[in-house]
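Pasting the structures here.
Across the two complexes that follow, subunit A remains constant while its partner is subunit B and subsequently subunit C.
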Partner chain A sequence: MNGVSKDDNNAIFRIRRFVFQKFPLARKRSVANSDNLLESGIIDSLGVLELVTFFQQEFSVTAADEDLTPENFQNIECMARFVERSLELQPGSAE
Partner chain B sequence: MDFLIHHMLRNSAALYPEKEAVVHGARRLSYGEVADRCASIACGLRSAGMQRGDRVGIYLDPSVEQVFSIFSISQAGGVYVPMNTVLVPEQVAHIARDCGMKALITTPDKLETLLPALHDVSSLQFFIVTGESSGPSGLQVDSKPIHRLRRMLQLPVAGRWSDWGISKDLAAILYTSGSTGKPKGVMLSHANVMAGSTIVSTYLEISDRERILAVLPFSFDAGMNQLMTAFQQGATIVLIKFVFAKEIIAALIAEHITGLAGVPTVWSLLANGGILKHKFPDLRYITNTGGAMPQAVLKVLREALLSTKIFLMYGLTEAFRSTYLPPEELERRPTSMGKAIPDTEILVLNEHGKRCPPGEIGELVHRGPTVSLGYWGNQEATDRVLKSNPLLPQELGDCEKVCYSGDLVKMDDDGFLYYVGRRDTMIKSSGYRISPTEVEEVLFQTGKIRQAAVIGIPDEVLGQTIKAFIVAKDGAPLDCDAIQDFCVEKMPRHMVPKQFEVMKELPKTSSGKVDYPALRRREGL
Partner chain C sequence: MTTRIREANLREDQKVLTDLIQTYLDGEADNNRFRWLYLENPFGPARAWVACGDHNEAIGMAAVFPRRMYREGKTVTGCVLGDLCISTKYRSVGPTLQLQRACLACARSEEFAVAYDFPSSTMSRVYEHLGIFPAEKSVRRAKVLRIDDKIGRLVPVPVLSRLLAAVGNFALAVKSRRPSHLPDLEVRLDDAPCSSEYSALAEQVGSSWGICTVRSAEYLNWRYRRHPRLKYEFLAARRYKELVAYCTFTMADGNATIAELFGSMDNQVLTGLLRELVGLLRRRGVATVSMPVLSGDPRTGLLRKLGFWAREAVPVMGFAGGSTLTSSQMFLMHGDRES
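On to the complex of A and B.
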């Protein structure tokens, strides 16, 4: 708890932590990274907005309206892929 | 003469039998088809044992069947009780128990989820399930028959239909929260609902040419009003369940939508979801209700919807619809709730029942034909909200009830109203009314909490979010995540506190009650 895991830098870890913090039903059901959160109703339209704000604040990734699709938001893996892809496209992103 | 809700359908079916009435995905039904199906289901309901005035619950997602249910229950002489499918089984059971629900219309899957909570609801006599599946346990459950809506649809309607009710009869019960206790059932008569449709159709100038997109649930008065205005005018209503703003945008364009009603969260979604990149040449009007539209969102909408009229509206379930701001006033008074809807008077009264002069804060009191019949089975609560009109001459006696909204407002010199706040502790989040005590009761159910109080924290998108102040039993440490997890099982997401603060003791008033204003001050409110 006190130490910083190397996973802390992974988008998937940070998104998972956020989803578990903000969507208690995800925590309650211990959802897997590949579980569909839209079909199960864990993330609704407002939840998507919260995620968009989180991506901006945490990763400086801006989700344009064409990015707001089930393919990018249906599960934690998809969200991480979207964030990583967006980071790669950003100029000067060396990490 | 049209005086019952289903008469509006009957009339539109006679005038426009081939016209599209309801659209949901690939399903498109004409007024003639909807009227025929509703008549068949009404026969089915009566033969299943429904009597005049029986309450029938509807627990369905947006669907054609949901529309059939509403109008067929009316036609069969019953009272429909629409329930939002975000409600958890215990909340559905509360509603069923509270209104003495006789029958419930739902899907087989939802029935299976609800059944454990419904076992002790003695009034329930039968279920009706939609879809193809045979349901959780064949043809009956707990010795109560399960009917198939699909089978009812095939019933022939023999002879001349005989209505059982008149316009003063109860048509619907909409459950909503106040500042205390569990949700209460607001009773609306056929006359209330139809007056609401006529009034709203008048000021929005809704005609049979309208194509209305329904994104608000029919368990919410503004959502239901959209359906009623559409059917009254012979317009088309398009049903949608959405997660992404682009789903709404796609429907607006593909279905040539002319009218859209939303709550502030819907507009925030659209403003953030690319509305500026599209054109909506068909969209004649939009209406906002359920809370103040954030000014930044309003700015985006005005930019995106140059040829669309924007109506800011206000209503409360107990009086159905109350005020609207004419679009031409939007530039001058963007934060106003507007003025009374037609055939309605809005009074701003002080605590002595006298009119407040412009600029003085008073309670919004609604007078008109949409004032509801009160709360089902709760005269005490009804008497707190529906009272005699203090401004009428004494000689008229107690001839009229007006609705005390609990909303504090002020009026400008031109008679336009502005929302100031609530008289009580009720919270409003994403258009939902939330009773603090209902949330606090769930917190107590954890068995770990000695004192609890929740307040609303302002939120740009949701209006308010919930913060809980909790005191542990015996000073034991509290795991806020575990308490939140417990809440998630017992309440829909909009009721679950987002923030928790553990305190040693809650601030109290001199009479020993929780000092909510002190908690709000703590948050800088």
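On to the complex of A and C.
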């Protein structure tokens, strides 16, 4: 099991930190982990691509086109769950 | 949420496609535009793809539009990508990427020897995500013809502002009034539909470029004369009654845009043609004239000399099958865009 799987908050913390660094509106509005970032316009399609690159670099998670849905990217909790699920599906992750 | 991509049937899906474009891309895009752009293109009908949501509802679309092109002197079928739009509810990029992949699979297939695109900044990022990088950039070059608006904004006193503008406009006009040094060049507006002389010029000049749209009379009449919304005009330069170059332009909100500057590369011909255009536009009260050209266009130096200064640039994508084209191979102008 990897570090992210042990502690979901770890993924949440790292994603939250990235969102606050990259999207100034999120910082300005002090968004909560469950706040919808797509509907509020804090993250747009380009922002999603930034997150995809971040997931790849930070968690070695590759998102397929089909994964880039509002369900996976609407808020920080959803993003963390998506990262967690993807890591579990990676070869060698099953205990 | 799942997204399914299907190829559109242009007849059966006309309303679906028009509604999507109208809602998410261009509020003024109507059935006339659709017929003109998708069905009446002399190089063949467009191909379009629709993205469907969970309940099979149309949530986005993208299209490719055929072009006949010269490639190393041979005539080939090419295409330009365009009209990609997606519902605001689905802007989490997934459907956009799926649509763009469908378009690119077609554009880079054997069906098209050459494909190109003028993507928005968002779409450039999407291309980048797909591992595709710009082949070139298109730089808008603009020349100021009148400064009334600019002075009006800077000087709030109307009398003073009018006086300063008159002096400025006079100075700009004098600067452009130098003779073209080519007395046998006849430049005039062509009101009639483009005839075979335009096709002859396209063959003579276009085929000498690496990659260039076949600017035949048939194409020009469709692309410009029958454009459903914009009025394009042709200013033609002839020597001894033979067409040597022309400039296609349109005007909106007091500004003009040159969509084509095509033909002879002789500096004196181009200078004569552009000076006539500038004079004509100035008499019409136009404030600025813009001409987007590729950064590698060999006429850039002349344009600068004539007062067309570089403004913003947009990326240009170019493909030939699996490979990316380079700037030296392409001749693309504003009119090469899809609509």
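Rule of thumb we're sticking to: the second predicted complex is superposed on the first by the 84 of 95 C-alpha atoms of A that agree within 3 Å, B and C clash if a C-alpha of one lies under 4 Å from a C-alpha of the other, contacts with A are read in each partner's own complex, and residues count from 1 in each chain.
As a working rule, contacts are C-beta pairs under 8 Å (C-beta built on N, C-alpha and C of every residue); 3 or more make two chains touch, one makes a residue touch a chain.
Fair warning: this is a prediction, and the values are worked out from it, not measured in the lab.
Undergrad: Quick one: on subunit A, after the overlay, do subunit B and subunit C clash, or do they fit? Just give me the call.
TA: Once both complexes are aligned on subunit A, subunit B and subunit C clash.
Undergrad: Quick one: is A:L68 in contact with subunit B, with subunit C, with both, or with neither? Answer first, second, both or neither.
TA: In the superposition, A:L68 touches subunit B and subunit C alike.
Undergrad: Based on the superposed arrangement, let me know which partner A:V52 touches: subunit B (first), subunit C (second), both, or neither?
TA: both
Undergrad: Now for A:P24: first (subunit B), second (subunit C), both, or neither, which partner does it touch?
TA: A:P24 contacts subunit B only, not subunit C.
Undergrad: Just checking: does A:A32 make contact with subunit B only, subunit C only, both, or neither of them? Give me first, second, both or neither.
TA: Neither subunit B nor subunit C is touched by A:A32.
Undergrad: Mind checking 74-82, 92-100, 128-136 or 344-352? I need the stretch of subunit B that runs into subunit C in the superposition.
TA: None of the options clash except 344-352.
Undergrad: Do any residues of subunit A touch both subunit B and subunit C, and if so, which are they?
TA: 38, 44-46, 48-49, 52, 65-66, 68-70
Undergrad: Which subunit A residues qualify as touching subunit B in the complex?
TA: Counting only subunit A, the residues touching subunit B are 24-25, 27-28, 38, 43-46, 48-49, 52, 64-66, 68-70.
Undergrad: In the complex formed with subunit A, which residues of subunit B make contact?
TA: Answer in residue numbers: 242-246, 265, 268-269, 272-274, 277, 430, 461-462, 481, 484-485, 487-489, 493, 496.
Undergrad: In their shared complex, at which residues does subunit A touch subunit C?
TA: Subunit A reaches subunit C through residues 38, 44-46, 48-49, 52, 65-74.
Undergrad: Which stretch or stretches of subunit C touch subunit A in the complex?
TA: Spelled out, the residues of subunit C in touch with subunit A are 1-3, 89-94, 96-98, 101, 122, 125-126, 129.
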